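Below: a set of structures, written as structure tokens.
One chain, chain A, appears in both complexes that follow, with chain B as partner in the first and chain C in the second.
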Partner chain A sequence: MATRKKVLLKVIILGDSSVGKTSLMNQYINKKFTNQYKATIGADFLTKEVMVDDRIVTLQIWDTAGQERFQSLGVAFYRGADCCVLVFDVASPGSFKSLDGWRDEFLIQASPSNPDHFPFVVLGNKADLENRTVSTKRAQQWCQNKNGLPYFETSAKEATNVDQAFITIARNALAQDTDVELYNDFPEQIKLSGSTENRSSGSDNCAC
Partner chain B sequence: MDFAKLDEEELSYELKTRGIAPMNNVNEMRNVLRGLIKIEVEGKSLLATDSSVSIDVKSEVKTCVKKLQVINTMVKNIKGDRYSEHYRAVDAKLCHLMNRVDKLPAVEPQDRKDRSNLLKGILFLMRKMEEMAISTTVVETNTNTNDNTAGTGTVILYEKTTITDMNSTSENSGSVTSDEEFGTEYFVQQGVAIKSLSKLLKGSKRHKNDSETHYTGLLKIMKYKTAKFIEWKPTEMSIFPDADEWNIVDTDYKQNGKNKNDCNIDIKINLATMKSYKMKKHKKHQISILQTNGSLVTFLFESSPINDFVTALKTLLHTEKEIRHHRPTGVILVLSERQDSDPLCQSIKELKIFPDQPPTSTVWSFISGFQNNPVEKTYETFAKISDVLLTRTPDTRPDQEVAELLNRVEDDDEYTMVDHPPSVLPPRPVAKPRGNPLNQATFYQSMDNEGRILNPDNIKNIIFYGGCEHLIRYEVWKYLLGYYPWNSTREQRLYIDKLQAAEYERMKVQWMNMSPDQISRFNMYRDRKSLIDKDVYRTDRTLDFFAGDGNENLVKLHNVLMTYVMYNFDLGYVQGMSDLLSPILMIMKSDEVESFWCFVGFMNRVNTNFELKQTGMKKQLNDLHYLLTTVSPELENHLKKMDSSNMYFCFRWLLVLFKREFVHSDIMRLWEVLWTDIPCANFHLLICVAILDNEKDTIINENYGLTEILKHVNNLCERIDLDKALTTAYSIYEQLKEAQPSLQDSVNELLGFSLSHSDTILSSDSNSKEDDYEKALLMNYL
Partner chain C sequence: MEDDLPSKYEVIVIGTGMTESIVAAAASRIGKRVLHLDRNDYYGGMWASFTFEALQKWLDECRNGKTSDSLKSSSPLVQDGEKSVNIGNQFSTVFNIEEKWFIPEKLPSIGNLQSAKNTQTEDSPKEIKDGQTESEEILKQNDKLWCQAKIKTLGRKFNLDLAPKLLFSRGTLVELLISSNISRYAEFRCVNRILTWQSDKLETVPCSRADVFATKNVGLIEKRQLMQLLTLCVEYKPEGDEFKGFEDKTLKEYLESKNLTENLMHYVLYAIAMSNDTTPCMVGVERTQRFLSSLGRYGNTPFLWPMYGTGELPQCFCRLCAVFGGVYHLKRAADSVIVADTECKAILSDGSRLDCDHLVLGVADAPPEFLGSVPKAGLSRGIFILDRSISISDKESLTLLQFPIKGKEPITIIEAGPSTHVCPPGLYLLHMTTKQIENAVQDLKPAVEALLHTEYADGITSRIDTDTQSTQTTKEGDSVASKGDSNTQYGLLKPQILYALYFNCPETSGYDLSQNVPSNVHLCSGPDLEVDYEFAVKQAKSIFSKMYPDSEFLPRAPDPEELSLEVDEAAGPPFQSSEEPKEE
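On to the complex of A and B.
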């Protein structure tokens, strides 16, 4: 797989409302923090070129709305994700409990080809807060139980661990990407989307 | 108040409350009161404020209830506009009642409850009167349309007892009655349901998430001497209301309607009148059958597969798949009935050379003709064949309208769309420049002495073309958002303020009194509260109004949103709502009560955007796609190619009505335009189309894909020229209006062009609401 073609890695950030998804993305890409970010509506993304083990890759980081009911509509954008970042707020036990739900939701909606080994990275954000309620140990335990997911405690506000976390995200996403390329050693353009048409005419045939 | 319209009892009450003993002469009382009111208008209240006038609460409540009922009937029978005698009489009586209820010294809980019910009743009637005053003419046309709908009768549908009568007038008269006895069952299937009949009668109702009423019954194909029929008789009834919390009222209405009328219905479809059918095997199998008269019936095969029925149909009919753009549409066209078993007759018939004659005679006349004059007959026949081949085929295709009707049944499949050839629109008219905003002078001059706005349509028109001056937004928005009825008097508005302030306080106290202990066991409340806490903190903080720590306005924002949770707990708080409230709170000068009720008015327009299943958003994105397909087929083509025809990139625009796309001053101008509902309720979709149309060249020329389109659209934030978007949207509206006859039904419906249709829906909906209200009133008091 020594291809030198440009690699685009798609990263999706998921997590409860107000855990700091937008802030993390902006801290990583723009090195800026403000607590005035509005609640994200719909979806948006930012891109950044990074070096991962002497390869240049473009990270396309997708920020999403945290309220669950808005998830179903944005599914189209999650397809083909290379890595999923699950974020919770260390001062909000509820947001930590939601991680399971977010993970399952992603696997269902994005339906990656190898769900058991799809790279997730877990971030416990707002680590700068003093009133934290989710202990590091508890979070690590959860990650351990999920096939040993990488876990970082970050602070988007103080830029703690953010770069490190995203480098790991990029590296894991790249590993995933290469894996996929290995498995899918087909000539280009096998259009699966065309099959809907065949199917519909097929059903006509059988019934009429 | 017009005392000439009050009766004796009312007059004496009015006098008593002013500390004057009633007189025997009605006219005298009126004169005294007129004199008194003149003094009162000058500001000196003569109303006895102390409770020196003792009132028996119970009997007073009874009197008021009776009056309310009387007025209710009067309102229903109002003829003429707001200046008519009749209207003014009701108005005066209502005014009197309002004063009276207001003065009810309600101390006991039951009395207070009665009082608040009475007030609700009065407010309801006030609004009802306003609606009447605005739409007197509309109501009249509505009744006509309703009659028409019933007259044309989209389905062959009749009560059991009248079958014979109906048949004698139908085409197959005479023989049918005897056929009834001798007909043979060709196919029988139990447990087949038919889709809600009201839906069939008003096909255009598809966009409402109404509950599905299904009638289960026995489906048969019957062969009689002269014709074959698909017959269906109900055996039982089953109702599947949607779990949609906002439609409960609608469901009730439907159930009642059904019990009254729809029970005894049979359906008979003559195979000869079948035009086409379409199957769906999604969840439950279903088949929709379209007749030549345009009526559409859908059968649901609840437990059994549909195949046997279709096979039976196919042995009786010649069919062909409809092809459009080289793809089957799923519609099966019925070419003809298989009349006879005689193969010669059948093949001759299939040629359709002699369309007017029965096949047997066709054969014989052909043979005799051939014997008598072989050459001529042969040429004639060949000529007819070529005629058939060259010209006949299109006749058997359903036209666009019909195809659409068939596809309409598919409405539970999200994003199912038919390919339509791009319609060619007339050139777009030049965009008219925006007008001047509504100013203070014009606004106040439009009121009569009592403070009623005499011509709300005129005011709305000015706002649509030019918005409002900032100074009077505080007043005007309250009308636009339905807090004040347009025809309310100053007196009535003071009253509304008082009433709604109390109502707001009542709901506010509900959440404020919740103890931490209580909250700890109230998960749903906690979730809503925590979302609000998080969002208030990050709503428009860059505006001075909300800037800084410990800003009082953040508390108000929080309070109003929390109270809305108590007002509509099922919907609760959803992200985006704080965006909608923030400008309102600013315009209402941080007044919680006014902000709250205006916000309620705004939410009533857009609450489907926020519902759990997102059906409202899906529908809007879908509707937007329809409009774009019509207005800008090239762009739509590109979107389709790029897998973007779900229009998701417009999600943010629609969810919070462009709140995130424009700066604060623009958003106020935009929203007041949208609240006028001019030229149609879906004008915001046309604004989307206008903006996208403006970006069309970039998107297509740069060959933007799914992600690039989203990025491009997101980046338009605060870079859109609002005036241009508004004027372009309106000229698109005019362009479409000109093309109206050639537009698809769905587009016409979205833009409110097909007046007869949309009026029917409007009237039926508001009727149902009113009926419900009346029911509630009666239940309370009788």
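On to the complex of A and C.
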């Protein structure tokens, strides 16, 4: 366990459509925000290297790619998540109410080994809006009832609290990263790529 | 139905099977407006992987043959000159379902033992020291004993494939995943062992040059012969003379002409050429080439297996489709197809009319009118949960075995363990697939009886201590059941079946599905008999090129870093109105 192989952390962002999931990601990674919707290639996942307590970890942040719109995220999306970010819009009570559903959906689909202590982080986005309808207190109360989940009020538009939120996300993802060494008696899983043709490391019989 | 699903698409895809999903991704990738529907709450259709509970639910639906609500033909959404054709019922295509437990519902003793143990330790730890170790011993043994309740508790750790398949490391699917950049969504394990069944025992087939030289199962002269033969196959060119005169003969006859020993014949014929005694020579040579060319890219066998099972793969293509703007809606059934003249105009779904230029759908969802005389039989499948591997080795193995049946297609057997996330630790999953002759139970019987322990396990007596066993077998190196082993001893090594499921489903890969369909409707076959994905990829490509002959099939998707994202969800979801132009 001294040297951990996996420093790649998979983070998935859940929440109703148009609560600002993609914008938060885009603000955090690209430091950009746009109010204009442009029908372009959708968001996939973005990666960023961050320092967490003297360790460099790579955050891989997965967007829902719009498949959340009709509750059609497949189980593959949830596989191996190290942290789940639940986002709602502070001006949309409906999106806040949906948090329970998204949390349950995550726990069912990802079925983490320690569901009671899986790191969720809750973000109340669009905190810059004046017409907010979900109070800070109400959101904090909800997080308190779920084993005290970290809660941040963010604005992807004004870049408020976005970096702070993602640092917490990275730290909590890293802290729960315990499953990694469970299956170490089997050669590493393989990612396909054209250039680097990796071979199974533990194999005794090298091919010709 | 009050939803904001736009009503006009260039392509509507019904069903999220492998072929359908590849076509959906390819269309979306070139900027076509795609709607992808599936009536189920999961992806994959007949290509899905299930948790144990989800499998039970699927079986219930198949047994009840859930019929889709028949639609009034006088729907106001059907215009003059159009007719409405009802979608088929996918659950009616699965039949001969046989499900059997080989273990009790609960382990009767475990609770008693535990409480006994507790009182013992609390009350007088010294006195009953002997008794304590004994009960601990039983408890420890009970870790290896299984009951139905335990399997169900661990149910979410299963990914039970309806259509288990492998990828050739240099096969078309691997190349497609890499060239399209969809590979970033998936992870794989290398199949690390190819077994064969010869003279009533399992043997490891040496595949690579290193394997051939390392194996203890063949002698020195045999090794040279095998190397020569494999080299001949790799270097074969149509203009060469090596196979002259064997064009109309079987591979077996060719191998016989080489004076190979029975041992070698068996390895080459069944395991490397993945053939049987009737396979034509040149087909066998081609398969041998395919096998050998995939060796060594990722490991010591030519095959890859997706982590979490094969049901992941359609989802990878669906994600790409979604990333490029495809709209996804599970739990949304299509009810009927609207046809005018020889063209499909739209589909009806949940009271909405959804127009399309092209309709892609799986055979399982196809209206019976579209199918004509497509057969309803085809595949015999068996899924077995086992308490150990069919051949225990020091490391967890991922295994392919082509079990030969005289005069018939072999039974393809894939065994995967917990490190591929298809079953909980301590168990193995064994898949059998073969061509349907009678029914799944009968067709798979020879392999089941040869490889598996089929007696009921009462959960009280442990058959054999697994630890001793594994040390015994691993010492033997390559040979799984070494020659020294007596038959009775080998019999004891067989894995216990804990749960078995058999079913039959259609295999339509050999049929021209374009005969009875409107010109812009494209049917996708379900899973085919072959162990790989060549057929599915080929069919997807051909459907795509029929729809868009001048467009590239799944060009490389840019890495996320290469894009400057300018999406702002705050302004509303994609496709606010169906007229909205789509840019790339």
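Just so it is clear, the second predicted complex is superposed on the first by the 155 of 208 C-alpha atoms of A that agree within 3 Å, B and C clash if a C-alpha of one lies under 4 Å from a C-alpha of the other, contacts with A are read in each partner's own complex, and residues count from 1 in each chain.
Simple rule for what comes next: contacts are C-beta pairs under 8 Å (C-beta built on N, C-alpha and C of every residue); 3 or more make two chains touch, one makes a residue touch a chain.
Keep in mind that this is a model prediction, so the values were computed, not measured.
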| task | Give one of first, second, both or neither to describe whether A:147 is in contact with chain B, with chain C, with both, or with none. | result | neither
| query | So, A:43: does it touch chain B (first), chain C (second), both, or neither? | reply | both
| said: Touch test for A:164: chain B only (first), chain C only (second), both, or neither? | reply: neither
| Does chain B (first) or chain C (second) touch A:111, or do both, or does neither? | second
| task | Examine A:26 and indicate which partner it touches, taking first as chain B and second as chain C; both and neither are also allowed. | result | second
| task | Report the partner of chain A that touches more of its residues: chain B or chain C. | result | C
| request: Check whether A:133 is in contact with chain B, with chain C, with both or with neither, and answer first, second, both or neither. | output: neither
| Which of the two partners, first being chain B and second being chain C, lies in contact with A:66: first, second, both, or neither? | both
| query | chain A residues touched by both chain B and chain C? | reply | 17-18, 35-39, 41-45, 65-67, 69-70, 72, 74, 76-77, 193, 197, 200, 203, 207-208
| query | Contact residues on chain B for chain A in the complex? | reply | 279, 281, 306-307, 310, 314, 319, 321, 327-328, 330, 332, 530-531, 534-535, 537-542, 574-576, 578-579, 610-614, 617-618, 621, 643, 646, 648-649, 651-652, 655-656, 660, 706-707, 710-711, 714
| field | Residues on chain A engaged by chain B in the complex (per definition of touch) | value | 17-18, 35-39, 41-45, 60, 65-67, 69-70, 72-74, 76-77, 94, 193, 197, 200-201, 203-204, 207-208
| message | Going by the contact rule set out above, which residues of chain A touch chain C in the complex? | response | 17-23, 25-26, 30, 32-47, 65-67, 69-72, 74-77, 79, 111, 126, 157, 183, 185-187, 189-194, 197-200, 202-203, 205-208
| What does chain C use to touch chain A in their complex? | 3, 5, 42-43, 156-157, 174, 177-179, 183-190, 192, 207-211, 214, 295-300, 304, 307-308, 311-312, 315-316, 318-319, 322-325, 327-332, 395-396, 418-419, 558, 560-561, 563-575, 580-584
